[in-house]
Every structure is written in structure tokens, then in C-alpha cells.
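Going by the order they are written in, the chains are A, B, C and D; count residues from 1 in each one.
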Amino acid sequence: MNIHRSSELDGIQDILDEIAAAMASRTDRGKAAGYIPELACVDTGQFAIAVAGVDGQVFCGGDVGTPFSIQSVSKVFTLTLALGKLGDTIWSRVGREPSGNAFNSIMQLEHEKGRPRNPFINAGAITVADLILAGHAPREAIGEIIRFVRFLADDETIAIDEKVARSELDHGDRNASLAHFMRSFGRLDNPVDHVLGVYFHHCALAMTCRQLAVSGLYLAAGGMNPMTGTRVISAERARRINALMLTCGHYDGSGEFAYRVGLPGKSGVGGAILAVAPGKAAIAVWSPGLDPVGNSKLGAEALEMLAQRTGWSVFGA
Amino acid sequence: MNIHRSSELDGIQDILDEIAAAMASRTDRGKAAGYIPELACVDTGQFAIAVAGVDGQVFCGGDVGTPFSIQSVSKVFTLTLALGKLGDTIWSRVGREPSGNAFNSIMQLEHEKGRPRNPFINAGAITVADLILAGHAPREAIGEIIRFVRFLADDETIAIDEKVARSELDHGDRNASLAHFMRSFGRLDNPVDHVLGVYFHHCALAMTCRQLAVSGLYLAAGGMNPMTGTRVISAERARRINALMLTCGHYDGSGEFAYRVGLPGKSGVGGAILAVAPGKAAIAVWSPGLDPVGNSKLGAEALEMLAQRTGWSVFGA
Amino acid sequence: MNIHRSSELDGIQDILDEIAAAMASRTDRGKAAGYIPELACVDTGQFAIAVAGVDGQVFCGGDVGTPFSIQSVSKVFTLTLALGKLGDTIWSRVGREPSGNAFNSIMQLEHEKGRPRNPFINAGAITVADLILAGHAPREAIGEIIRFVRFLADDETIAIDEKVARSELDHGDRNASLAHFMRSFGRLDNPVDHVLGVYFHHCALAMTCRQLAVSGLYLAAGGMNPMTGTRVISAERARRINALMLTCGHYDGSGEFAYRVGLPGKSGVGGAILAVAPGKAAIAVWSPGLDPVGNSKLGAEALEMLAQRTGWSVFGA
Amino acid sequence: MNIHRSSELDGIQDILDEIAAAMASRTDRGKAAGYIPELACVDTGQFAIAVAGVDGQVFCGGDVGTPFSIQSVSKVFTLTLALGKLGDTIWSRVGREPSGNAFNSIMQLEHEKGRPRNPFINAGAITVADLILAGHAPREAIGEIIRFVRFLADDETIAIDEKVARSELDHGDRNASLAHFMRSFGRLDNPVDHVLGVYFHHCALAMTCRQLAVSGLYLAAGGMNPMTGTRVISAERARRINALMLTCGHYDGSGEFAYRVGLPGKSGVGGAILAVAPGKAAIAVWSPGLDPVGNSKLGAEALEMLAQRTGWSVFGA
């Protein structure tokens, strides 16, 4: 890895402070996700950002001490775990194309006979949970996922917010519908309640921005965690996960995010976004208010500012 | 622009020769587009590749002297032209999201009340043609597009294949349907036959791989044509067009192309693909056989080889 | 035909007077079709009704002297004409199922590869126009349709409102889109402008309620016109057209019309409805204000009243 | 009710014998429903027909002693029961339009925000089961449905095939998906497993053709059971249920059934069809082989023969 430590991260703390200040003054902050009380009641006044450089430095801005529910950002980690366990065979079960369509989800799933378009929409991540389960008890699969994320973050304190997980389960009819729908096409190996148990638990992982940025650092650093010196996945696989994040990471706002920010990213309805500047840094932002498509409103704006200030777009200087 | 001339393009001719040899030996070459006789009868045994570096060097391999119909690759140039004439106001008329769905086109257009998802699907490019027309005669708009492409390629010999253009018109019911559909929602300003006249003509532009690679070089070189030293568009706009190419450039195979090749690209049913390695080079490939999604089969394979040999993915080293 | 003249039509004039009075007092009358000026400016205060008994008696109420544009009601007559010319071979070109879906039309047409669901949606009627054309000049086909409707009505004064026909053509992008779409699947034999010329002209037929009721009488009278003693079609074919009217005659309001009125019927956006009480009478109503689905609001209410007063439902006493 | 006993049912036994003989000789008999073993293993060589006249006479042909799973035909009885308990308020929860589209079910449900199109598609009947449950235990609701059907048939021996009900539950992912989907829109009041328990049980009702024809007789006889002299529903409600059966009773083959047979009918995947000749008779047919749309192949053919021989179409003599 041929990195230019000084030049790439020079002045980054000033940029983060500027971004945090700009975001603190915004009045139009989006709306928190409303489908479970645990997310609906989160204060949308909050904002945090962290940049973890491939040289191991970490910079933060905003409410960096507050843990949040990473929700769908966890799909990046379960995909990585499933690829590590099962390799490219998983692609027989899930596609690699953007769903690209506001009226997607179950209609598209019907058209394509229960095979999800990509691992980052709900149906695709449920499929990945089914693959990780592989006949084991949900408790074991959940344990494996937690251990993997702790390994990525090099932090044994990361845990699941059980209250969020239970609440997801109580309000999980849409996901239950997707899971039963796929199962009706013979696309799930495990019982629906097992699969959803795993899925809802990994979505309920709670992390700070610093923890999330470090967890995603392997995607910026050619598959290695430069802090621990351990290899997570091959460089090629890291590139490919980045490609999936860029085309599919923001639901039906993926094109817009690529256009405005120019970096691979994955959002969650808790208000988090993990973005990757390959060869440079992993960036985590969090602000609970969402835009109409379901992505963090200030999170995306902050990343757009960061990309402009640093010139970190993958699409050119 | 901080380019490393020697390192980036060192050995590129050997790589192109290797790719051309590998492609020559392939027996499974896809099928030529069948909807007009002029494309259906093209020999699928052909293959060409050209790499235009941001330092002005051009390297070629395969049947480099043969001109071909660039078809939808021309949509990159008309989008650039429309942005230059009208600026970001064009985004009120066309979106920036992948259509992402095999059953898209007119159904999606109905759902979204006649507003195309992005400028690279047919409906979106027809909208761009309508914007370029802007009340003028089709002949004038076509002339303007030709002059613009000649300026990009720095080559006054580039021309439209009138036989192809006429044949498109004769077999243009699907596009006529899209155009009338959008017009029924008040989404076209000019008469349908004028708009389609412009659209079919720019799709019928004939170029060699060398001409096409040079024409796209501004996208790799921050909006400048490094050969002529003229600015085509701003660096930011070049990045953004690259982002659109990456998420939307290969119809419902865009995710797959990003995953396998890792470069922004735009394909055409004539078998051409224009790809961009930002800061390094523009690459044109051509082979008339298509995969089931409608993208050049050997073209995509050649670009995958090139990306592997050179490490030019935008998603990491 | 075993008809009970006296009992069936006894007191019918009183019922029509009662209905006309009730409709005159309605304030919520729907909105006239807005897509062409010729229909948009029609006074929604108007209402007319006519009942033509299978014994040859005709009863009227309301503004019976005013001619109106029958629009899609004409599809019943062109279907009858096409069946007479070509027989059941037409069913290879068009289906017999309700489209049943508010987001239908072109999306459904895409899903079913250009074959319309039934002859009463626009795409289906355009197909029927193509079948009647059969390579002849539009003028001849239009002439044939006019002669056929004059024969049904036994009235040589019936004519096409040329102003309406031309206006339809000027605002016909949606239908042009449907026609080109079908043609792109090889589903039209004649040029799109010929087919649409025929289609727009037969939709522009102008008739009074009395003329329309008499024209539809063959459907109530086993395929015969009891006034002239001539056979139009076989009794079986008349039954089958009635079946199609019941399942498909009111677009996405067909189920509701069957539920409330209980008679086969066909509506047009001009505000006309032709209903059939088999063995008893044909009924024409007209009131230009439409409900949200596009069917005459007062027309349907008047028919519901008539069915209740007379007990003419096909679904039981 | 003004019925003509002698003329309507004269010679009916001969017709049924002729039909049974014709059906016995058919070699192309369709395929039994394959989704549960209990239905898949039923011998498609079987056929039965029964006609219950409004005068109380019952005529039979074929394998009349064999009970079968009535499956979706039960939806007519649960709709009748729900209307009796809750009146027209049920229409706020379910529509009255044909779904009319081969790719319907969950996609349409998504488009219409979880409100089923009509009570005869699965989603609609699940909604009706939810309405009947009304907070009670599934066992009680199932008991109420059984008692209602026994009352209709005037036969205390009618029962649910528990093996079929359990098997439905084991293979019920598609229906579970529909139920969870509707619940995610707030469209179900009771827990999904309770609702599906009721739904799968009433679908597993086992009856002979004679029992089924008598059960449906109230629809032919103005809402009365002429055998017991008890009123089931009003004459108007009987007409309206007949209208729903005609437009929606055969899934995406409803238009075809109306066209060919001309009578209201409801089919089930067990191979049964209940048809209604208003004012004349209720007819039950059964043959386990299905056509591609999922309706009994020989059942529909037998009813077409019967309608031709008797002239019982609702659409004219």
C-alpha cells in the first residue's frame, strides 16, 4: 500500500471541526425512523463524525461518545463474514445489482422469484443471515457476528442493544413477509424465526462513530486492518465490497450518493453511514434524521463536505 | 493534475496485446444486436481496444482500424453537451438513479409519471436530445452534436452512419413509444419525430476505438482534453459524470460491471464500451457480441483483464 | 325469444322520469374529461337516459335531443364488426381478462409482451382497429365502421364529430405510445398513424341516447335487431360480448359496476354508458361528469336506480 | 321467487350423465395442485357434478360419493358469514375489483398499501378470516365457520380435513408472507398465526359435490335456502355475491370463465367449482386436474357443456 500519510490526513481535524460546526447549525435535519419506538425517540439534534486513516490515525468531531444503532450498516460486516465462510458461492443466492426503484422490495422479489437483487436490501441481508446460520442455533450465529465485529473494531466492548432487537422483532412484519416470501420459493434453508432472530440482532449492534470507522477500515486498506496488522479479506474482495456499496449502499438513493459524495458507502435507518475512501480512510458519520429515501440527511451532507474539502472522490481529482 | 506518466502506462502495450490475443481465441462471443439489419450483420469475430492516457499517449490492440456504431456510448457526450449548455437545470427533467430492474423501461416510466431515472437509459437520453433541440431544427441539433464530438476527439473526420440512423428510425417503435409516453406527461418540449431524429442520429455516430478513447479522455483528465489543452467541463462535473457512468452505465448490468471491472463505463448495443480510469486513462473496447443484458461480452471481459493487470479499479489498490 | 312485453317495460317511463328528476337535482356530478378541449368544455349539468326494449319500444328521459361523443362505447361496435369479419381468430391478438389494476395499461402490456388484456382497454381497441384496417386505407375502414353503426341504429344521420377526432389526434400521445409499443412487439400489421386514425375517428362518433340504446339492442335481443328484423350476430356471440362488457367494460371500476348495477355495460370518457339487460332492453345513459376511475358518475347512479326499480340484474331477482 | 320447476330442470339428469360420460373419456385432464402432498396425490381421473335446483331437487353425476377439499370455494361462505356479522363495513378492508393480472398478489398488494383487491384472492380471504376472528380464539372462529357451512348444507356431518389443514400450515409461507405484509400496513387486527389458523382450516373443509351444491343454493334462490325455508342473506346481498363471483371468482381466469360459461362461479385448487344459475340452480363440479391458471380443467369444461345444454347463461338466452 503506497500511502502518503502526511498529505492525505493533514488538516483533517480542522475539516471535521468545521463540518461538525456546520451541521450543529442546521435546522432542517430530517426525521428519525418511526417504525420502532427505540429509534423514533432518538434526538435528531445529534451529529458525530470519525475518520480512521489507513495509517492508523483516528480523528473525530461532534457527539463522538454516543453509541447508536448501526442498523443496516451491519450488512457490510455480515456480507464480509459470509464471504469469508462460504466464498463466492453466496452469489448463487443473492444478486449484485442495484434495486433501483422506489417501489421495489417485494414486487421485485416476486418478479425475480425470491432471489434478492443485492445483499444490502433487506431481503438480501436476510438471505445472508440464513447463510451464516447454516443450521446452527440463532444464538450461535449472533455470537459469531458479534465476535467478528469486535475483531474488526479491535474492541471487546461492542454489544447488541437487546431492547432494539426485541422491538424490531415486535414490529417486524415487513421483514417477516419478505422472509416467508423467499422461503415460499425455497430460498431460505432455516426457519423464518431463526433467520429473523439473527437479522434483527445484527441490525441492533450499537457502536460509536469511532468504533464504526475503525471497523470499516479494512475496506479502505486493501482488506487489512492496519491497526492490528491482521488480514480480514483479500484486497480484491475489499474492492468488490466497495463496488457493491457504491452501487447498492443507499437503497434508491445510491445514484445520488455516488453523484454527490463519490465514495462507496452504506447507510442505516439509525442515521449512520459508513463511507470508504480507498487507500486513504474509512469514515463514519451519524445523525438520526433521515431524508425521504431513508438515508441520514446530515450524514450525507457532512460526507459531501468532507469529499469536497479533501478531494477524496473515487471518480477523479 | 499530478500524474505519474511512466508508471501508470508502462507496459500497457504488452497488456493490450495479451488481451487482444486472449479475446481472439474466445469461442463464446455473445450475439450481435438483432433489432436492425445494420447491426445484426456485423461480424462478432472482431475485437479492438484502445487506451488513451492522460499524458496524451494512445495504445491500441486488435482491429483498431474498423469504425463501429457507438450507439448508447454517445449518451455520455450528449449529456456532457447538455450540461454545458443548460447546466444543472437538466436534473429537473431526468433523475440520477440506476433503473436497476430487468422489467424497467416503460413500466418504471409509468410509475414515475414520465420522468426517466437517469440520462443513460433510452428514455433519459431521449429527454437529453429534447433539451439539446430546444426548439431548433433537428438538423441543427445533430450538427451541434457532431461538432462537439469532433472537438472531443480532435478529429474532423468523425461522422454519422446515415444508413444506421435511417434503419433505427425504421425500427424505432419502442423508442417512439417511450417518447410519446413521456410527451403524454408533458415531458417533451419538441415534436416526437424531431426528438427521435436527433436521438437516432447521435446513436449512429461511427468511430474507431482510438477515436472513442480520445473522445472520452476529458473524463479521466479532470474535464480537460490533455491533447489539445482545452477544458471541456469542470473537474467536478467530470467526476459526477463518472459517478453516473458507474451506477447507470450498463443498464441492468451496472452493478456487475462495477463489481468485476471497478471502473465507470458506458456501453452501447453496437458492442462498444467506454471506460474511465480517473487520473490515468480513458479506455475504449469494441466487440459486437452482446451478453443477455445487452452489453459487449468480450468488451467487459477485456476490461476486467485490463483492470486486473493494471490495478486501475477506483475501489482500491 | 320469449319476452314478456307488458310486464318488463310496464311503468318504465315513470321510472325514467323519476331518475331524470333525481339526477337533475344532484350537485356532486363529477368532472368532465380534461384531456381534450372538446370534452373538457361540455356542461356537466346535462343528463339523458333511453331504454330500448327488445319489443321495439323506446323510452327516454332528460336531455334526449343532445348528441354526445360516445368515445369508448364505440369499442363494443368495432369488436362486433371485427368478430363478424374475422371470427374468433381475433382472440389470438387480444385477451379476454379484466386488466384489473389501477396501474395497468402500458406496464401490463410490457409484462405480457404487447398483447392487450381485452378489447375494451385502449390497447385492445387499437388492436381491433388494426384488424379492421387489414391493409386498407384508413378512410375506408372508418367508412365501414360508420356504415355498421348506422345499420345497428337504423339511422343514416349518425356521423363522426371531426373536430373531436382531430383534437384526439393532437392530444393522442398516450395512445400513440401504446400503439408503437405493441408494434415494437410485432403486434400491429398497419402503420401506427393509420391505426390511430381509425381509432380516434370511431371514438369520435356522436349519438343521442336514443340512437345509442337502439344501436346496442342486438346485445339484449340474442344478436338480432328486433326493430329491423335483421340478425347482427349469433345469440352465442351476443352473450359472449355481454360477458366481456361485464368483466371489462368499466376499466378498473368493472367489479364495482357489476356489484352495484348488475348488468353488462361499457362506458366512455364522454360520459356515456351502454348497458344491457339480456332478453329485456338496452339502456343508454349520458352525463359528462366522471368519477375518479373515468366512468360517468351520474350515469352509473342512474343505472343503479334503474336496476333497483326494475329488478333487471343478471345476478338474480 | 317465480320459478318454472318443470321446464328448468327437465332432462337435467340426462345432461349430467352425458357430461359425466364425456369427462370420463378425456385424456388431457390437467395437473393436481402440487404445493401440498395431500392435494398432489389425489387421482386426477375423478370427476363429479351435482345440480341443486331452487325447487329443492338435486341431481348428480360421476363420483358423487367422494368428498374433496373445497379449498378457495370456502371463501364464498366466509364472505357470506362476515357480511352477516359485520355488514357492508367489511368493504373498508377489502375491495371489489378483479385482480386481473398474472403477476398480481403481493406486488399489487404493495401498490395498494396492503388492501386486497377482492375477498376471493388469498389476501382478501385472509382479511375476511381476520374480520371473523375479531379477537376470539381461532378455535371459536373455526367452529363458527363449520356451523355456518353445516347450516347452509343442512348437513351436520361436514367437517374439516385436519391433515390437509396441518399440511397447508406446514407449506404456508406464501400466505404467511401475504398476512405479514398486510399486517405491516396495519391491515390485520389479530396475530398472523391466529388468522392463518382460521384461513387454512376453512380451506380444508371436505365436502361432496352434492353437499357443495346444496350449500351454495341460497345464492341461486335469492338468499333463501329453499330446502329448509330459512333465509341466509337478503336477495340483494345474494345478487352482489354473485356479481363478485363472476368478476373475481376464478383468479386471472375470471374473464375467460364468464366468456365461456356465463355463470358466476368460484373455484378452488382442490379442483372444485361452485357455479350459480340465478333463479334456477346451484351447480358443484369437481375434478382435481387444474389448468395453468389454477382452475379445474374438466370442471370448467363440464360447466361450459352444462350452460350450453341448458341455456343457463346470465348473459342472454
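FYI, a contact is a pair of C-beta atoms (placed from the backbone, for glycine too) under 8 Å apart; a residue touches a chain by one contact, two chains touch by 3 or more.
In UniProt terms, the chains line up like this: A, B, C, D = Glutaminase.
Predicted model only: the values in this text are computed from it and were never measured.
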The chains touching both chain B (Glutaminase) and chain C (Glutaminase) are none
Measuring centre to centre with C-alpha atoms, which chain is farthest from chain B (Glutaminase)? D
Would you mind telling me which chain pair, A-B or A-D, is linked by more contacting C-beta pairs? A-B
Centroid distance [mean C-alpha coordinates] between chain D (Glutaminase) and chain B (Glutaminase), Å: 56
Where the CA atoms of chain A (Glutaminase) average out and where those of chain B (Glutaminase) average out, how many Å apart are those spots? 32
Distance in whole angstrom between the CA centres of chain A (Glutaminase) and chain D (Glutaminase) is 48
At least two other chains touched by the same residue of chain C (Glutaminase): list those residues. 103, 111
Chain pairs satisfying touch are A-B, A-D, B-C, C-D
Applying the document's contact rule, which stretches of chain B (Glutaminase) touch chain C (Glutaminase) when the two form their complex? 103, 105-107, 110-111, 173-174, 176-181, 183-184, 192
Show which residues of chain D (Glutaminase) lie in contact with chain C (Glutaminase) when the two form their complex. 1-2, 95-104, 108, 111-112, 117-118, 219-220, 222, 235, 238-240, 242-244, 246-248, 252-256, 258-259, 262, 264, 278-279, 313-317
